[in-house]
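Below are two complexes that have chain A in common, paired first with chain B and then with chain C.
On to the complex of A and B.
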């Protein structure tokens, strides 16, 4: 359980979306770098050991992009050397590296996203789309393990009868078809019981309401507004050309102006928000723990002991 | 006030000539707990479904149903959903969603209850039924008993005024069934909910009920206070088998005094009316090991020190099990849920392998049997759920599949040949499954819970069939939690606990020592295992009051 997973799933998704959108649409090395660095911070906070291992995969993968891109992409004006008669350009290498950073950042952020959301929380998002859809999704998720269990039971019963032999591949296929056949009948027959149970509880009797497992809190509104605000600011700044990079034929950087630096700072603030929330939460816990007396009163313990004797 | 009034209700299914219900009349007061009993097909389910508008079958209906003074037809879908709760037999298939919390909220969501109200009711209900621990769990992870409790909770979260239950405990083991009934009784007592439950075994429920309605062939033949109905049921009627052992015993020995409705009352009643010596008695016949003489034949099944677990690091499901089934005997293995009963039958059938230990069938190691021979003349298993055997559209095709010819049918299935296996009653399904399993001419039959959900009439029929098979030389391992059935049917009984067979012996010897897992008759009169035996003892060993 991490601090962000106490936020509403919608707010978490919105936040991650706002961090990643500028990275994906921007092709901006600074933004990509910030996203990558903040993603690494967050991943190491959320999953210290598993995260470290997966970084060993993501980071070299990013570097690899920097190597592979110029092999296939010969745009750009500054040829460094020729390989098989094709120019390897400085621009292509830089572009590849930024692209690699972007991909690594997106992958790492998705890892973080799944650490902040479990299946249940992810499914609440379907309910945001439509209350009916959430019932259908929920029923499907229930049906899968049920059918699997029934299939296993049927297979065994048929095997016990000697109607399924599993001695060679053909037998197996025939057996599987037999089980599937029975499963369809079983599913249809028992679907009636489920349908009755739904009708008995008033399904389809009118407008539905929704039981929300994760209520939307004030903190969620704050996170959402903050995320959206910075997304708009970053987008506006990109549209105005303050942070626009041109890659080919020659790399032109907008340079570090007050406007671009301001944009990057705001974006960095957003990117590290999740890490900050996590750290603040841990500090709070440490402080709370210090206020709890370390050991129970020794006097009481002996008293109890004496009473027992 | 009258909660429910059924006034000469008759019903004929669309396309049928014979009515399923004939002029049924009864009333339920608010807060009453009533039971309907009767053999399979007597119209219990039809009646319950007619009371719930959404589930009413199609057909011709006469007579009136008044719910809280209003005609059931007039209720809107919302009102009916809110006022009348319904719980059916199968625990798994009734669950709609994939989370416990969602299941509880489902009905309220459908009725459009505002969220604040919904949260309160879900919270209250989850606490009432003890479902807080598994609130976020998937219903799939719950045991059958807990799952049925969830279904009950999901039906009552809407605070219905009338709760209808159609054989809710038929698929549960006895301990889970008792817990379910206790929850139901609490619900009735603490919230005043009116409850109407159809059941064909009244052992644990009758003493909790205020009214008993007995149905036969679509008619309500007898109704009133449980004690009165017990007294006035005609001798030999099919509903008699549904009554608790104590009540049956009371009827069998001449209805002296007031009718006892459960084992506790039964013991008090015996103490009041019969001499002490009949209770302690001769400690049963020292029946001993009668068939010691036939040592020569190898045992049908010998399991030696077999252990089994599902994963290498997991816990042992079976632990050093030793079990011997002699040729031509019926061995009943009792035990609660999760004691490894089903795993043991699967192992004996060669479907799973123990990681240590030895299994022999008719003196030959299980491993040495060729698969074909094993299935053809060795061992056959009747699975717990007969529906796992049925894959075809008619009984005729199923029988053709297993190669059972019409002339060889061990039981009379002719009337059923053209029906769909799923349309058969529970007992008929069990009969068909047994026939299919016997097609391979096995010499050892493994039966997993063959009486689950069957009424007294069918249990009697299955018992006769097993005895018939035994006469022909079949050996049987009967796995069950129906202690009464085991006592009446088996030559020897054993108790499986935490993966090992703890006690094995002839039923009298076995049940003499048992205190909780005992046939009800053995608790009433020690040393007896059936009601008939207990009656015999009371008649001849007791004094006149």
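On to the complex of A and C.
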């Protein structure tokens, strides 16, 4: 449970989308670097131990991209050396490194997104598109553990009847197929019964009502507007060419002007927002926690100073 | 409120968002447009399908059958996780599409990818997998009659589906790592993915041949008995 996952799943998705879009369209080393650094910050906040381990995988993978790209890409005018008759150019290496940074940033942000989402929140998201779709997703999520349990029961029963032998590999495969066969029949029949039961209780007739597990709050509107605002600003800045890099045949950087620096600053503010929300939430929790007494002091009465801080 | 948003989306996606995407995307990204453009199109197509799914009058029974078939293919992917590339998802999607209908096949394919990735890892590839499996289902639904009658054709479709899935995901790999279409890189990706391609095709044929008859009969029976 983290601070961002208390927001509406729609707002969280919108936020992550607004952070990632400029990275994907940009091919801009500064944007990619900001996204990577803020993603690492957030990942280490959300999943301290698992996050550190996966960073050991993502970061070398990003470097690898810088090596692989010049092997396939021979654009660029500064040839460093020749390999199998093909030039390896400085531009292609730089492009590959930025690409690697971008890929690592997107992967890390996806990890963070998964840490802020679960299947309940997915249902809320699909319900935005179509409540009917949410019904199917929810039925599927319920059917997975149910079918798994039923498979175990079927296997036990068939084994008890002596229908499954486990002497060699072929027997095992045949046994698994027998169980699967029964499972499909049972699952389909069970699904039909569920559907009929739903229909009998009035599914699909009249107006749909729904229980909102994650209501849309004011903070969600703020997050959404802030994310969209900065996305539009970054897009406008890229369209105007203030932050546009040209890679081939020669790398041309737009340079650090007031306009590009302003864009980067706004983007940095957006991409560190989730980390900031998380940190602020923890500080607030610590402060509140300090005001809650540890436990009542058994030695003294409660009238005057019975509670210890 | 939500209903109004949905009805706006239903015409806004094909008429406004998709053209806007092409125009803006091309201007913003130049040569990198391919990666981003294809990702966006893949997302928008699915959004369009799911938004219009609400309007369609699909009965509760059909939804339940779709849910069960999705759950079975997700379960198959989890159980067979140790064997790379050997998964029953495509086979189950194709069988559902043949016997129940192409649209249900699309639904089962897309949802199998989305939900099973909660167990095996979500990533930027999720929309592509959803699209690939969904489309294989939709296409199988179109070819339902010949595929029902001829087992040889069914096996051939399995090979085709395995190859198509692998080649499509290789396009994604190249776009993702390179940003644009790069022919030598695509060839390299196809070559390194060859064991997977073969494994996909082989598993599709095996599962279609082994499960084709029993599952086909069951789905057919459900369709006749309950009028799904």
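The criterion applied here is as follows: the second predicted complex is superposed on the first by the 283 of 309 C-alpha atoms of A that agree within 3 Å, B and C clash if a C-alpha of one lies under 4 Å from a C-alpha of the other, contacts with A are read in each partner's own complex, and residues count from 1 in each chain.
The working rule: a residue touches a chain if its C-beta (ideal position, glycine included) is under 8 Å from a C-beta of that chain, and two chains touch if they have at least 3 such contacts.
Worth saying up front: this structure is predicted, and the values here are computed from it rather than measured.
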Touching partner for A:69 - first (chain B), second (chain C), both, neither: second
Touched partner set for A:141, first chain B, second chain C, both or neither: both
First, second, both or neither for A:153, with chain B first and chain C second: first
Touched partner set for A:162, first chain B, second chain C, both or neither: first
Which of chain B and chain C A:205 touches, first, second, both or neither: first
First (chain B), second (chain C), both or neither touched by A:120: first
Touched partner set for A:174, first chain B, second chain C, both or neither: neither
First, second, both or neither for A:54, with chain B first and chain C second: neither
Touched partner set for A:196, first chain B, second chain C, both or neither: both
Residues on chain A lying within both footprints (that of chain B and that of chain C): 131, 135, 139, 141, 146, 181, 185, 189-190, 194, 196, 198-199, 203-204
Chain C residues touching chain A - in the complex, by the definition given at the top: 2, 6, 24-25, 27-29, 32, 35-36, 39, 47, 50-51, 53-54, 58-61, 63-68, 70-72, 74-75, 107, 111, 114-115, 118, 122-124, 176-179, 182, 184-185, 188, 210-211, 214-215, 218-219, 222, 226, 228
Residue ranges of chain A touching chain B (in the complex, touch as defined): 120, 131, 135, 138-139, 141-142, 145-146, 149-150, 153-154, 156-163, 165, 167, 178, 181-182, 185-186, 189-190, 193-194, 196-213
Touch list for chain B against partner chain A, complex: 52, 54-55, 76-78, 80-82, 84-86, 88, 90, 92-99, 101-102, 105-115, 118-119, 122, 136, 138-140, 151, 154-155, 158, 346, 349, 351, 371-372, 375-376, 380-381, 383, 385, 387-391, 401-402, 422, 436-437, 439-440
Chain C-facing residues of chain A, complex: 24-25, 27, 65, 68-69, 72-73, 99, 103, 106-107, 110, 113-114, 119, 122, 126, 128-133, 135-137, 139-141, 143-144, 146-148, 151, 177, 180-181, 183-185, 187-192, 194-196, 198-199, 203-204, 235, 238-239
